[in-house]
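Look at the two complexes coming up: chain A is in both, with chain B in one and chain C in the other.
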Partner chain A sequence: MTALKVAGIFLTAFFFGLTFEGIGRKITARVQRRYGPPWYQNFIDLFKTLSKHGYTHGWIFDFGVIMALGGIIASLGFVPVGGIVAFPGMDNFFVIVYLFTIGSLGMAMGMVGTGNPWASIGVARALTLMLGYEVPYMISIGSMLYFYRTSSISAIMSAQGGDWNLVKFPIGALVALISLQGMLGKEPFEAPMAPAEIASGPMVELSAKYMGLLMLMNTFMEFAEISLFVDLFLGGGTYFVFLLKYLVVWVLVVLISSVLPRFRIEQAVYFYWTVPIILAFVQVFMTVNGFVF
Partner chain B sequence: MDKIEKIDERGVWEKIADQLRSRSMWMLHYCTGCGAVELPPSTTSRFDMERLGMGPMATPRQADLFLITGYLSTKTLRRVIYTYEKMADPKYVIGFGSCTINGGIYYDSYSTINRLDQYLPVDLYIAGCMPRPEAILNAFTKLMEMIRKGEADGWKRYKENYEWYKQNQLRSLGEVVVYDEFHE
Partner chain C sequence: MQSLLLYLAVGALVGYFLSMINRRLGPIVLLALSLYGLFTLWNMPIGSVEGLFGFEDILQFTALSKYFSIITLIVFSCYAFFNIVWISKAKRPHAFNALSILTLFGTLGVFLTPHLIALYIFWEIAVVASLFIVPMGKEESKKATIWYIVISSIGSYMFLYGTFLLYSKFGTFNLFEISGNIASESTGFKWLVSLLLLGAGIAKSGIFPLHVWLRNVHGNAPDTFSAVLSGQLVKMGSYIIALLLGAFPIATMFSQFYAGVNIFSYVLIWLGNISILIGTFMAIKQNDMKMLMAYSTVANGGYILIGLALLDQVGFAGGLFHVINHALAATMIFLSFAAVVYRTGTTKIDEMGGLIFKMPVTFVTYLVGIISIAGIPPTSGFVSKWMIFQSLISKGMFVTAMFAFVGSIGSFLYVFRPLAGVFLGQLKRKDKDVKEAPIVMLIPMIILVALTILWGVFPQQVLVWVTDVQRQFGMEPFKFDGTVLYSSLGHWDSWTVFVMFMVGFIIAAVIYILMPKGKKIPLDDQYTSGEFLHNFDLYHYATKYYAFLEREYEGHPSFEDWYTSIVNVLKAIGKGVDYFVRRTASAYTFWMALVLALLLWVRW
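After this line comes the complex of A and B, so read on.
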């Protein structure tokens, strides 16, 4: 049964993750008054990259790519997706956050293994940005965990009942949404990827299958991060309700990213450590003193 | 000239892969001449090449399609060969305008490459000086058709006739290596 549930989560993440990315590209195109690619474009892109004949850059690179994908898949298995909880009792917030690091470190190791300076710059920026958005995100989520006296995600989901945490912790939700924009690497926090500036950063030396695996990893990572937001702040829900909420958050993120330019990395960290962090502390103050709606 | 009937040697998987490749061509964001100006209108809202699944990619490793947009100097040719060999198979080359076909208006310059075909296997030429975005989009759909039929086999020809291409490259350039001025 556990294996079936895990397979269900992965298939959901694969199919709907890629579909929603395609829809996101379509929305960006429409914002720019273009027609845009079909919704299944990302499936074509993925399978095309897997069909090409690529170049490796040594075993560190191979191992890093596999580790990145494996780490993200492992952490995705713990995220409750639309009523499917693969490991009941173990869907702890800290477990997921801890496992996320394996994916990021695997990517950092593999990409630095290519020896390309752009990749090193991209990885350095990604880790710096992570330092920026993790702090306000953790403070805001921490106040929520304090309020519910639990770090189990399904417990928080069921405790929300009718009124979502979005209403109970409005400022925390805003902070989490701003952090989500950085986690997904969307504009204005797109500095680690920056195709025109540092030649797509960590992905600079990725050819063919490696590119495909990293695209898949990116999709899974986006799926896990947005699912976490939907679970914690929008109350999860049944399978299709969950996907609907997911789509709303995703469209919001895409719309924000499609009209904004890019922050420099120090501007992004400065922003995260001023505005969202102050808001997060306001949320902590409100939660501790019982101002929960 | 009689057209020689080619036998389709591709297996089933290769045919499926070619269908996918034709619908998802990532072009290298590297432009050599005045044809670069024609690409922004073909990318943006007027002609929108993303609806064909095409888009600019930052590095040769990720790209499928190499556009030689305009006239090539010997200095650029060195980089172009270097870049082409970095790309992952299968890869396609499109030559833009008359400069890549016969040298264009600079045909008698000491530093101009007159025929691109002798140095790299070109899959498709676009006539004009420079071709308009309509012609470029037309060429892209033509290339998609060629990939689906298995006719865009420049990357195979490059492997088969590598000695010939290398000889031509060395005759024009002396050596193909690009020195890393930054680290030396």
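After this line comes the complex of A and C, so read on.
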């Protein structure tokens, strides 16, 4: 049964993740007054890249790509998707957050292993940005774990009942949303990729199936991160309700990213360490003193 | 225990003379003694009491002794194994070998006795023995030794003073007897004694404000000995902290402050917070890989201190568990660095690159080491971090949690710097003929990798030791059932996580294998923004890796500078005194004038 649920999560992430990404591209294009690609463009991209012969820079490059995708797949299995909870009680927040980093580390390692300095710069920026967004995110989620006396995602999801945590922890939700923008690498926190500035950073040496595998990894990562937000703040819900909520958050993120320019990396970190951290501590103060609506 | 200590003391001499015949014999003696010690202490029942040199009941084998002795002996076995080949590069092999064995003698003695004076003597033996090994390292290591001895002696004299204070009050040196009576003393006395005794632990485990020696000493000591310094000698400080916090009834001795944590623990937690912050941000800007890991030791010392000072079911266990994680990880990392230096002869990150293709096993050792330091499953580093986080969140200590998160995410940054600079990237032309380290060096590294992953997936063995310690100190032991770990905020299963990790990996590997094969191209076949490059040595991003972040805290205050300025003040005073007692004309004139003036003043 667990295996079936895990498979269900993977398939959902695959189909809806790619579909929503396609929709996101369409929305960005419409905001920028372009026509934009069709909604299934990401499926075409994925299968096309996966079917080509590429170039590799040695075993650490291959291993890094596999580790990146494998780590993200592993952590995705622990994320509750709507009614599908593969590991009830075991979906500990910290386990998921730290499992994610296996994927990031694999990607970073593989890409720096290509020997291209642009990739190194991109990875250095990505890690620095991570130092920015993770800290306020973990503090604001931490206040929620403290309130519910559990660090299990599914337990928090079901404990919300009809009242969303978005209403109970409004400031925490705002902090998590700002952090989410950084996690997804969307503008204004796009410095790690920055196509026009550092030649796409980590992805500079990718070709064919390596590109395809990392595109898949990126889709899964986005799916898991937004799912966590929906589970924690929007009450999860049944399968299709969950997907609807997911779509709303995703469209919001895409809309924000399509109209904003890029922060320099130190500006991004400075921003994260001032505004969201202070807001997160306001939320903590409210939670610890019992001001939860 | 008595016989083991005697063997070690004699072994130091034997090792010295055997090293004269063949320098490789010294490490073999140390390896044999460590393995013998590991075997003996592993099987020894907790609670055994023995005498030493005619003193009755001076050695006592507690659960805490067992835990720390096993860590020490694992680290020393790997160190000795590694040294069998590495010793050919040592400057004074006989003394190096003998002093290594003596260091082990001293530290084991510290762990085995609750008698404060005996503990102090063993402590000084360990410090002095290691003190003479440190200057056998790089050029600057002689200066580093001064930092080491000054800070160590601040700690140990505080400890000695506290011991005498306790003796004058209670008439005994036995810590466990003292701890039964201390609660009734005055508040000032309790603060003074606790801080004095902990001073040794704080100095030794590199906690703020006595953290400054680690960068110099770990960075400049002989390459393999840095592994012992960071993996083992620093843990001697953690032992003192754990022993005092556990044995003294801290929770009832001091008043409550916040969320069931007493004020004394809170002070310690803040020292831990500052250590994490300093260690993390200073590690990020180091270009010398050994100094980088030295600062990482400061940060991890902070984690251990926070965990221990929480003094609860989950946090204390997390702090203790972190001791073994950091010991193993630091040993792995420093041994892999020693292998790199053995082959390339430099510790500067930006003077290397691309070594992964030449030294793959060394790279894997470093990789697993950093995964453990960064606290990523499925290594054992995650288990202790999870425990500390759970405890902090369940108590609502969010400011400390923030420091813990910063240290944890920051560790990704600094551990990645040597990974990218030394092992990945472009291979330097000068390193084209570098070979993998000799097989004898690789074996201890592989053993440590295996242990780290084993205890990450099956943490039961370590948790049994940890909960024994908690029972000894009368705390509620950490709850676990097989591989499932429980805290008041929920549970997780390390085996399930490992299985999911493997599932993810296999899925990714299958997709990878099914798709068309990639063509292998050399490292200099690159996107270069359209430039023709002739020297790919320069196409490697390693200098100032986090320049954009370092800029943000460039003008930070530095305790090292502050201590140096105190030294300069002392020097200036010395110069002033020197001026008046030197045999120069001006000094004679000064004294003559002074004497005349005095005479005149007395006469009239």
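Keep this in mind: the second predicted complex is superposed on the first by the 293 of 293 C-alpha atoms of A that agree within 3 Å, B and C clash if a C-alpha of one lies under 4 Å from a C-alpha of the other, contacts with A are read in each partner's own complex, and residues count from 1 in each chain.
Note that in this section contacts are C-beta pairs under 8 Å (C-beta built on N, C-alpha and C of every residue); 3 or more make two chains touch, one makes a residue touch a chain.
Treat the numbers as computed from the prediction; the structure is a model and nothing was measured.
Judged by the touch definition given at the top, the superposed model places A:211 against chain B, while chain C stays out of reach. Once the two complexes are laid over each other on the shared chain, residue contacts for A:55 go to chain B and to chain C alike. In the superposed pair of complexes, A:108 makes contact with chain C only, with no contact to chain B. Measured by the number of chain A residues touched, the leading partner among chain B and chain C is C.
In the superposed model, A:29 makes contact with chain B only, not with chain C. With both structures placed on the common chain, the touch criterion links A:1 to neither chain B nor chain C. Touch criterion met: A:135 reaches chain C, while chain B stays clear of it.
Looking at the shared chain after the overlay, A:37 reaches chain B, while chain C stays out of its contact range. In the superposed model, A:195 lies in contact with chain B only, and not with chain C.
Across the two superposed structures, the residue set of chain A contacted by chain B and also by chain C is 51-55, 199, 204-205, 207-208.
Listing the residues of chain A that touch chain C in their complex gives 6, 10, 50-58, 60, 62, 65-78, 87, 89-90, 92, 94-95, 98-99, 101-102, 105, 108-109, 112-118, 120-121, 123-125, 127-128, 130-131, 134-135, 138-139, 142-143, 145-146, 149-152, 155, 199, 204-205, 207-210, 212-213, 216, 264-266, 269-270, 277, 281, 284, 288. Across the interface of their complex, chain A is touched by residues 13, 17, 20-21, 23-24, 29, 44-45, 48, 50-53, 56-59, 61-62, 64, 87-90 of chain B. Residues of chain A that touch chain B in their complex: 25, 29, 32-38, 41, 44-45, 47-48, 51-55, 195-196, 199-200, 203-208, 211. Against chain A, the residues of chain C that register as touching in their complex are 354, 356-357, 363, 367, 371, 374-377, 382, 385-386, 389-390, 393-394, 396, 398, 401-402, 405-406, 409-410, 412-413, 416, 419-420, 424-427, 488-493, 496-497, 500-501, 503-509, 511-512, 515-521, 523-527, 529, 536, 539-542, 545-546, 548-549, 551-552.
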